[in-house]
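Sending over a structure as structure tokens; questions will come in a sec.
Per-chain numbering from 1; labels A, B and C assigned in written order.
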Amino acid sequence: MPSAVRTPGQGAALDRRFVDEIRATTVGETRLETCIQCGTCGGSCPSAADMDHTPRMLFAMARAGLRDGVLRSNTPWMCVSCYFCSVRCPQEIHIPDVMYAIKSIATREGIAPESIGADFSRTFVSNIHHYGRSYEVGLVARHYLRHYALRLPGMAPMGIGMVTKGRMGFIPHKIRGIAGLRAILARAGELEAAAQGRKAPA
Amino acid sequence: MTPNEPADSPRVGVYVCHCGTNIAGTVDVAAVRDWAMERLGPHGVVVSRDYPFMCSSLGQELIEDDIRELGLNRVVVAACSPHMHEKTFRGACERAGLNPYLCELVSIREQVSWVHTDKVAATAKAEALLAGGVLRVREQVPLEPMRVPINEATLVVGGGIAGITAALEIADAGFPVHLVEREPSIGGHMAQFDKTFPTLDCAACILTPKMVTAGSHPNITLHTWSEVTDVAGYVGNFTVKVLHRPRYLDTDLCTGCGICQEKCPAKVVDPVFEAGIGYRKAIYRPFPQAVPKFPVLDPDNCIYFERGTCRACEKLCPTGAIRLDQQPEEVTLQVGNIVLATGFEAFDARRVEAYGYGRLANVFTSLEFERMSNASGPTGGQIVLRDGVTEPKTVAIVHCVGSRDRNYNKYCSAICCMQSMKFAHLVREHTDATVYEFYIDIRAPGKAFDEFYQRVQDEGTIFIRGRVAEVTDVLRMPDEAAEDGRLIVQVEDTLAGLQRRIPVDMVVLSVGLEPQADAHEVARRFGITCSSEGWVIERHPKLDPVATMTEGVFAAGCALGPRDIPASVASGAAAAARILGRIQQRELALEPIRAVIDAERCSGCRICNDLCPFSAITFDAVQAVTEVNPALCQGCGVCIAACPAGAIAGTGFSDAQILGQIEGILMFSGAADVGARTASPEPKAPEAVPA
Amino acid sequence: MSSYLYYPGCSLSGSARAYAESLAAILAPLGVELREIDDWNCCGATEYLTLSPLGGYALIGRNLALAESQRNGTSTLVAPCSACYANLAKTDRFVRESQTLREQLNGALAADGLQYTPGSITVRHLLEVLIEDVGLDELQRHVTRPLHGLRVAPYLGCLVSRPDYDRRWAQHEQPHALDRLMAALGAEVVDYPLRTSCCGGHMTQISPDTGFEMIRRLVDAADRREADLLVTVCPMCQMNIDAYQSEMNHHFRTDYHVPILFFTQLIGLAFGLEPKVLGIGTEIVSAHRALGRIGIAVPPPAEVEVEVPAGQAAPAAREARAKRPKGLPMPRLDEDER
């Protein structure tokens, strides 16, 4: 892939900084620098077949300083957070937490490769900002109309079933403390930006 | 004034070592030298010198010349830790006619230059420690080492290849050996193996002659089916209690004919020698070449012990050797030295859930495979699936099971790569199966090891670089495996960069080596130290690899850490050589550092009596005073600190010496001295330590 | 009566309504009271952490802070949803071990006058509470209609026994807690090695092909092992396997029909409660036929299903399996691992 092509000098120069950036963004200990490239993660991963790089290879790229290649990889977006890799990793690397960190950097910089995944997260999060809770009908309706309009006819029986069986609440529940929650999330955004030495998001 | 008398006017020589840049890189050595002359002159320092390597011959000659020419009666060397070179400088003093105990080492390397980066502060600390040394050495008195005779007998604990080797080396040199083994036979793990890597020697062919020699050696007494229960005493004079568990037969009458074993109706799985894939009887000899030849009766599985009837063995024994009422017996041995060759345990593969051992029938451990491939094993050397008949068409061998894994053991078990490749060879030799090796890194650093790796590759074994993620019997696609009951090995082929699911019939888990489950308890019993994992800690990992921190106790084989057969044999022989050297000296010089009781001041309160960890303290009821046995005392100082009357003193550690040292350190550790000097550049990293 | 703080999570008032209803129905006989945290918010699932890790932890932290302030005698917080449980437990763990996160999290919570004292709340999954606190004996005591003959594949999903940063589970991959519970209800427990495999999570939303494949694996394994139904403890697992099964079948041109129920629904059935109060019938892949096999009458689904002669071949196969194996002995497993 073209984004992975770099002159040796560039790769070496970027090396430590990117691993440090991931470490600073990950909550909990990453231990990324201790990866022995054994492939336990890539072997365990239930969605590895759909990843462009196995997690192991993504970590090798991160350590080689291939920042752009890592941020454009679909690997973190294919992570289902099943934590098989995490409990099996012989170096106790918190792999899913590293994946969250990489996704958040990629989203922040607007280079998330799998726009559907990032968009789903954004839709989900905007629901939370609106109501404080997840609003399944709104989430699914908006998401499917945007990305899977063609899938809708095939899904009709399921949708009808969900509705007729009373499993879809049409009226969103808004928590009372929504204003307080928004204040907390705004403060969290500021603190996170400050910790990473950036300006707070608008 | 003779040099050996404690004098009213001490004449102290101070020698400050550079240790290349190890010390001089952080401590201003010349400043320390001048400071000592100037500030410690009033405390008896008559000469102060520095030298690049005090431990060199020229450095030592410097001290010797000064003793002779300047009439020094005390020497202080500021250099490395006493652990390193105390002996060296005491030797220099002795050669020049000064009692060696009038020499004091001040550690300004381990305690100063290696642990500090601020040159000014480090120099000031070196001076303070040096002042402590000078004020301490003034109070020192000449001492003479204790001489104790050495018992010629040696105790070897563990009858695997390391223990057998140590026992034979010592016995062949003409000295008696007691060889204690927990199992019914000596031989250890090596007796379970079929072939040994990389030469593919038949393990039994090379081991059994050694076992037979050990069993019949006039100088070796075997204590099999036995355990050491207590160790007392000290180097040269240990008293050891050994418990002989009952074999339930009279070994004087037993001919080892095997009829009892044949007729015994109780058949049980043998989890020890057959690694759980074979059976034995309740009365059994673990394998045909067992030494000694006598069987043992296992009461936990014996019908007579369970229900009170049967006695088949007793009725049918042609010599009437069975003794169902036999009791355990404890014997007491006197030995001068001890070798611990207690070996290892295989990692319990059930702990790695993802590999399905215990759940999936055709997942085997390395020990199970060793027994299976052994011609005298449960399958007669046939490599078959758990059904006992089907030959596998595909075999997966999984490296690093329980090793190099922070969830289990962090260390590399050293032998598994080679063992795994031996398995690949054996599978190819016995069957037409396709063999896969799944590895993280191939570690083949021994003699002819890498050549063996290449040979196994040439034989067609497929090497896949990737740690196996899981073994499963859940198929993803109907056509994933051609036959029912097959297993899938799921792995990332890291060199291809993709996840693979490889159908196989059999999986062999190359399990790591762990210390014996009771390693910590054994360490306590023998008064030695072991790592948090349970491996015995060597006196020095490089230069003294078979001695322990306790005088007279040595270790060999896998008790020290994972290693292969040649390394185990070498360490067994090395321990024997160390012991033979001591036995031939006939007596041993002990450090004269011990507790001395002033009978006048002892109130007879007996507070110290139970505190002594070496049982060196006894109470004289007639005189109503406590006494210390100087040969048993190790000079640990517990009693000295506990005595409310202050009646106990430590030679080499008198109150006057300790107080002098404290006074010296406090007197000269002023912050003003540090502030008065200018900052110095960053220190360099320590250099290699000169030998 | 034992009392717990309760964090239901968003799904329980929507797609997992049956979970909430069946849970409510079995609590009274067991003498367990769940006190819902007032004005709790969404845990963010796996989505908030994706955009902003600290925001995600603050979102979860607000619930922990509310729970702390509403403790009133109990400090155990029970979550029935595995994703909520994992998020709450992980956050509590991380704020306990990281001073930086502790300060940042409380800094954010202070914006609404809240704060969380690490460790003041113990987060537990409903399954753990039912097995450890209530106990299998007590559960068994209430069984009036044992599920004899119902072949159940216990499906725990990922997020109960993993990541388990607090090491509460001896087994992270093959725990048998749900198996034991089902056996206590009298069900025939199918050996289901995919018990903690992933249902695909949000993959049905963001990468359907990936999601369908993961659902297919789970359903296929249950089908091959002749399970009548899957039982789960997680709303997301239930949703994926139930609601997306027909689309998955369409995608792969297969015709699997494996119903999936919540474990609380099966407990309720075994307690003799009416299927309707347990939310049975709200599943998309109907459990009607499976439950009918053991004589539990459930209204048939609206769509008429083609009746296949149920499980004719199965009994013979089951007996064949029961034969004692010959050959080399198997290693022994501890009770818990079996």
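Here is the rule we use: contacts are C-beta pairs under 8 Å (C-beta built on N, C-alpha and C of every residue); 3 or more make two chains touch, one makes a residue touch a chain.
Predicted model, so just to flag it, every value in this text is computed and none were measured.
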{"item": "Which of A-C and B-C has more C-beta pairs touching across its chains", "value": "A-C"}
{"item": "Central chain (distance from its CA mean to the mean of all protein CA atoms)", "value": "B"}
{"item": "Cα-centroid distance, subunit B relative to subunit C, in whole angstrom", "value": "49"}
{"item": "Centre distance in Å when subunit A and subunit C are each reduced to the mean of their C-alpha atoms", "value": "24"}
{"item": "Multi-partner residues of subunit A (at least 2 other chains)", "value": "49, 84, 87"}
{"item": "Subunit B: positions in contact with at least two other chains", "value": "354"}
{"item": "Residues within subunit C bordering two or more other chains", "value": "172-173, 217"}
{"item": "Footprint of subunit B on subunit A - complex, ascending", "value": "36-45, 48-49, 53-54, 56-57, 84, 87-88, 90-92"}
{"item": "Contact footprint of subunit A on subunit B as seen in their complex", "value": "354, 400, 404-407, 440, 465-470, 490-494, 497-499"}
{"item": "In the complex with subunit A, residue positions of subunit C that touch it", "value": "10-11, 13-18, 39-42, 44-59, 62, 94, 97-98, 100-101, 104-105, 107-114, 158-159, 162-165, 172-173, 197-198, 200-203, 205-210, 213-214, 217, 243-244, 246-247, 250, 281-284, 302-303"}
{"item": "Subunit C to subunit B touching residues, read off their complex", "value": "171-174, 193-194, 217, 220-221, 224, 325-334, 337"}
{"item": "Residue numbers on subunit B that touch subunit C, as the complex places them", "value": "269, 276-279, 349-350, 353-354, 356-359, 361, 365, 378-379, 384-389, 472-476"}
